[in-house]
Amino acid sequence: KYGGGADEKAVEGSHFSNNFKIAYQASSASEQAFLEYLDQEIAPDHGITIEPVGIEDGNQLDQATADGDYIANIYQHNQRLKQVIESTGMKLTALGPVFQWSYSIYSTKYDSIDDLPDGAEIALLNDPANTAQALWILERAGKLTFKDGVDPWAATEADIADNIGGYTFTYMEYGAGPRTLDSVDAVIDYNMSFVDAGTPEEYRIYEPAAPLAFAGQLVVGTEYVDDPQVQKLEEIFFDPRVQDYLADNDDPNLAGQLAPVSDE
Amino acid sequence: MIEISGLTKAYGDTRVLDGIDLTVADGQIAAVVGPSGAGKSTLARCINLLERPTSGSITVSGQDLAALSGKQLRLARREIGTVFQSANLLRRLTAAQNIALPMRHQGVPEAEIRRRVGDLLERVGMLQRANHYPSQLSGGQRQRVGIARGLALQPSVLLSDEATSGLDPDATRAILDLLTELRDDLGVTILVITHEMDVVRSIADHVAQLDHGRIVEQGAVADVVRRSDSPLSRALLPMPTVPAADGRRLWTLRYRGAVSPVWLSHAGRDLGDIAVLAALVEESGDTSVGRLTVGLDPRLDERRVVDVLADLGLAAEPVTSLRAVRAESAA
Amino acid sequence: MISLLSTPWPDVDDLLLPALGETVRTVVLVMSIVVLLGGPLGLLIFNTSPLGLRPHRAVNVSISWIANLGRSLPFLVLMAAVIPVTKLVFGTTIGFKAALIPMSIAGVAFFARLTENAVREVPREVLDVGLASGSNRWQIVRGIQLREALPGLVAGLTLNVIAMIEYSAIAGAIGAGGIGYLAVNNGYRRFDDHVMIACIVVLIAMVQAIQFSGDRLVRALTH
Amino acid sequence: MIEISGLTKAYGDTRVLDGIDLTVADGQIAAVVGPSGAGKSTLARCINLLERPTSGSITVSGQDLAALSGKQLRLARREIGTVFQSANLLRRLTAAQNIALPMRHQGVPEAEIRRRVGDLLERVGMLQRANHYPSQLSGGQRQRVGIARGLALQPSVLLSDEATSGLDPDATRAILDLLTELRDDLGVTILVITHEMDVVRSIADHVAQLDHGRIVEQGAVADVVRRSDSPLSRALLPMPTVPAADGRRLWTLRYRGAVSPVWLSHAGRDLGDIAVLAALVEESGDTSVGRLTVGLDPRLDERRVVDVLADLGLAAEPVTSLRAVRAESAA
Amino acid sequence: MISLLSTPWPDVDDLLLPALGETVRTVVLVMSIVVLLGGPLGLLIFNTSPLGLRPHRAVNVSISWIANLGRSLPFLVLMAAVIPVTKLVFGTTIGFKAALIPMSIAGVAFFARLTENAVREVPREVLDVGLASGSNRWQIVRGIQLREALPGLVAGLTLNVIAMIEYSAIAGAIGAGGIGYLAVNNGYRRFDDHVMIACIVVLIAMVQAIQFSGDRLVRALTH
């Protein structure tokens, strides 16, 4: 019915046209830059154009992908995807990881994570995946422990067994991180947000390696997994040149924000 | 024809109208008078069913409005023109548009509306102000637009709630002529609420006095003015204020109709000098009516005075005290 | 501190103009629905109330309740709640079309109240004029109530248009685009200060222009 | 004391008031009459500066309001009571609260306010309706609340714009007595706008007729009624409608003051039978005034009629045609 | 399908009650500021307009412009724009306090327009009553304009309270909490259907109750 877009003609035998509409989280300039790179450098080899579509509301974006409005989306990690599928029953399939987000602790008041005093106020993003990711950073830094049997990628404040650093947490909307820096002791947020905001790197006080579990996935509607155009999609995204580019590009929208997929 | 019987209207515990019986025959003008707050406007609003009566029945042109369906009620109301006490003009419409409104809603053709609006504006002397908004009109001008609007649908029954109060004598005259013409030429049945007794005397066929929600007196105007001592008759033909009496005996004289205009000269031959202290003599509804206070020689025999004047067609009554005359003239 | 990553000034237009177009399109479309449905809904609420032309408790309570529903939920939640409807009507839950239904619901509910408030100010006596001259209810509503309430209605409409511009910024989250969304997404979330400044200027100019024209119209209608 | 000179007020191109000169002396009642739309209300609104005059000057109690500062203007206005043509009551306040409003704003102590409100309500006969909202009052009741409010600040100057139109004769009388009392006992200067000539005759010292924004005639009421053929005098003492003349010659007779009330009998001795066709004889401001149309023998010499009546103190004038009388009486 | 991840029903209260408290606290506080500042601002706008008590073009245009500012920006952008002010006043840009300033700005601007619209309906003639009896402007404004416009003002206030509940859901984004934010964040984003249902029920009940009381009051004030 759609062919990858209401106004384009689908390719014979496929639901999608040669213009791949791919949804990303609109507030992420780096995801957009990544898709633009694919469009310019990789897709032409396959006779394809890639059209990045920014949608802010993740739930709606997933729904539209499941419906085949978009051939794919690239904004979430596996755990989040599992959560969405479990909660809503949307028919979505992850084809594999494409990049990892750099995620760090920033502070204007303290120089390292160990300087954070007992009772420090730390601001976290309020959406579930990002809250969990931030808590997990603290867990891996040895600043807190989770209760038994808690999935770190779905953890919330309620799942903390021992808050070793004695932190208090404040929640904020995506975009508020850099703006909040002065009001709290530390902020845990995506590097890309701070880069966008022009926050000096010296305020980045802790930068753990991004774990594979939080790699951004290429997600398609389950119904379309076998669609011939989706095959092409995989060829583009999993082209080896992509990981190399992520590792050593100097695009200000990408460098230090989206990292290549790691081994673990 | 308006027939009201046993009409009662209460707001909560207070009865504003209490057992009203009143009939206005076809092609007649009935006047309703009475003190402020007596219930006159409420009566008019019950007739066109803007207020639902608490009890009692009202029929207009044989129809009981309260019993009609929505559509029938609307049709019936188109036959009843209403002039509101406070003109109630639409603020956003010009004088002409205000008058046109009921016709527009009734689906009168545009050309016909234009013609009638022009005609009505001229009738009420407002042609020059056709395109003024109410805020640009004087009080009396607004009132006249309200009158024109009440006539717009060429109703067969007209309720006019103090249409002429606040109008100057000329404008009042013009409106009254218009009402008389409607009655005489088109047979419109008219209920006029007014405080001006000249209005009653000059155009009404029937008059009813309302007080505290009850009709305290009513009758044909011709009959009421002849009554010698009813409050309504005194109100209708008020005695002008009487100056000091200097030694004469005061008499009130009253007549209507077939009386020779030279009665005063004739009476003088029998009764001696007649001091005319106060008088109102005028033509009312084709006959002459008179009401005078005169001073006569106190030595005259009461019986004789009454007889002499009765022979001439006048009712005479001695005034008991000056105080009484004053009180009466103020009533 | 101006971010280094801001869109260069000459390129801001490329983002701004389409976004402006989207906002205008969305708001114009939504406002037509809002006027068409919200106006009658407000009239119905007022006229079935004890002060109206045809008081009717049951009808009044139920439609008033329905209108309140449209204003009860945070807009994002409302958008989620009406997904099934949107999907049914437009076959998609994303983009400009998908924003129309939740925006219309919120706008209609808002305008219904504004209409109700405007119409309440029409003095009872002028409604009596219509009743007494045998106009039917619809004629009284249109020829008297709406006519007399016109300045109030225009003022309400002005409020509503501006509220819809605000809502369209939230509706941008599901891909409806628009200038408010551009400000939120590129300006606020991506720290693109040039875009932010440009959007703010355009939004302020737009709102000023709407309010100014609204005020002028209201005054012209007040006699 | 109100002194108006050269007052002009224009809305755009239309001059609503055009070179008005009018003085109301201290403790006097001046009446302004004139057709609807003549500019009477506008005149009143210029006096308390609700409308800014286009040109000309107005002083009230010696102060030129237009020249005052905001605070001085407020103080000056407190001395000027205003009764509006359409009562202008606040819808959300009861009758009593409406009357209390100006006092509250002037900072009158609460006990004093209660006392004065009660007193005023009683004066205008509205004590029973103190706690009614305007929507629960009749037209005349609203008007009376408006009057009471205009008097609330015990002003030394009162502007009364058709305060009594729409009131019944009793209520009118009560209000007029109140106004007279204010003038006589407290020396209040009063400008009364009215269409009711009885009001002018019974309370006014001075009268001015306005037409199309100009004063066409003015003077002391006592003087104006004596004038034999000015339009204002005819309006003030209108000739009642005259019935058919059956062969007699019609004469208009007019007198004021020092005339023996038996003049009619005396004149009859010289002139034969006098047919009284229309008459208005009454007391006005302590003297007697009369205006009659009588029928006399057509063979009588005109000079003689005039002389005989002049000797008795009456001005006599032959009526040229019946038409003329009718037109005159309608004027 | 009810998500498996939903908070068990008995525990929903633990989230709901504090959120409700936060909403009530925020809305009550903001509304007091809104009434205190928005009312006077609206009166000033109306009374300096050509229809008002003291027309003054320059003042009117400038304050009207300022009031429009508060309604020009999407709320999230407004929040970002006033960060310096918030920081100055409260020393923080996060949490309940930080939400007060942007919410108040938006609310004040909104209520100013609602007040202006309500007061415009007071007939000129009753203002004349005050002028003629030498009341000062403030007395006319308070004793006549506000008094006569009371039903309209209450209706406007009702609209405003409900709009502030909606705004508080957005203000949740900077940590102000509240029931609308709970619905968005836990209900919508975390698929916690129990919380979502509970929030929706509470929000609807709250809005209904406010509108219902508002309507009752308006009717009681209309004579």
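For clarity, chains are labelled A, B, C, D and E in written order, and residue numbers in each chain start from 1.
The definition used in the following text is that contacts are C-beta pairs under 8 Å (C-beta built on N, C-alpha and C of every residue); 3 or more make two chains touch, one makes a residue touch a chain.
In UniProt terms the chains read B, D = ATP-binding cassette domain-containing protein.
None of the values given here were measured: they were computed from a predicted structure.
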#### Entry: chain D to chain E, fewest steps along touching chains
1
### Query
Which neighbours does chain A have in common with chain C?
E
### Query
Greatest Cα-centroid separation from chain D: which chain?
A
### Task
Please work out the Cα centroid separation of chain A and chain D, and write it as a whole number of Å.
88
### Message
For chain B versus chain C, what separation do you get between their C-alpha means, in angstrom?
### Response
54
### Query
If you average the Cα atoms of chain C and of chain E to get two centres, how far apart are those centres in Å?
17
### Query
At which residue positions does chain C touch at least two other chains?
76, 80, 181, 184, 188
### Sites on chain A at which at least two other chains make contact
59, 175
## Note on the structure
The positions of chain D in contact with two or more other chains are 86, 135-136
### Task
So, with touch as defined above, which chain pairs make the list?
A-C, A-E, B-C, B-D, C-E, D-E
### Message
Touching residues of chain D toward chain E in the complex: what are they?
### Response
48, 50, 71, 73-78, 80-82, 84, 86, 88-93, 101-102, 104-106, 133-136, 149, 152-153
### Task
Write out the stretch or stretches of chain E touching chain A in their complex.
1, 3-5, 76, 80, 83, 87, 91-95, 98, 172-175, 185, 188-191, 193
### Query
For chain E, which residues are in contact with chain C within the complex?
49-51, 64-65, 68-69, 71-77, 80-81, 110, 113-114, 116-118, 120-121, 151-152, 155-156, 158-159, 162, 166, 169-170, 180-181, 183-184, 187-188, 196, 199-200, 203-204, 206-208, 211, 215, 218-219, 222
### Task
Would you tell me which residues of chain C are touching chain B in their complex?
125-126, 128-136, 139, 143-144, 147-148, 150, 221, 223
### Query
Inside the complex, what are the residues of chain A that reach chain E?
58-59, 83-84, 86-89, 123, 126-128, 154, 170-173, 175-176, 179-180, 182-184
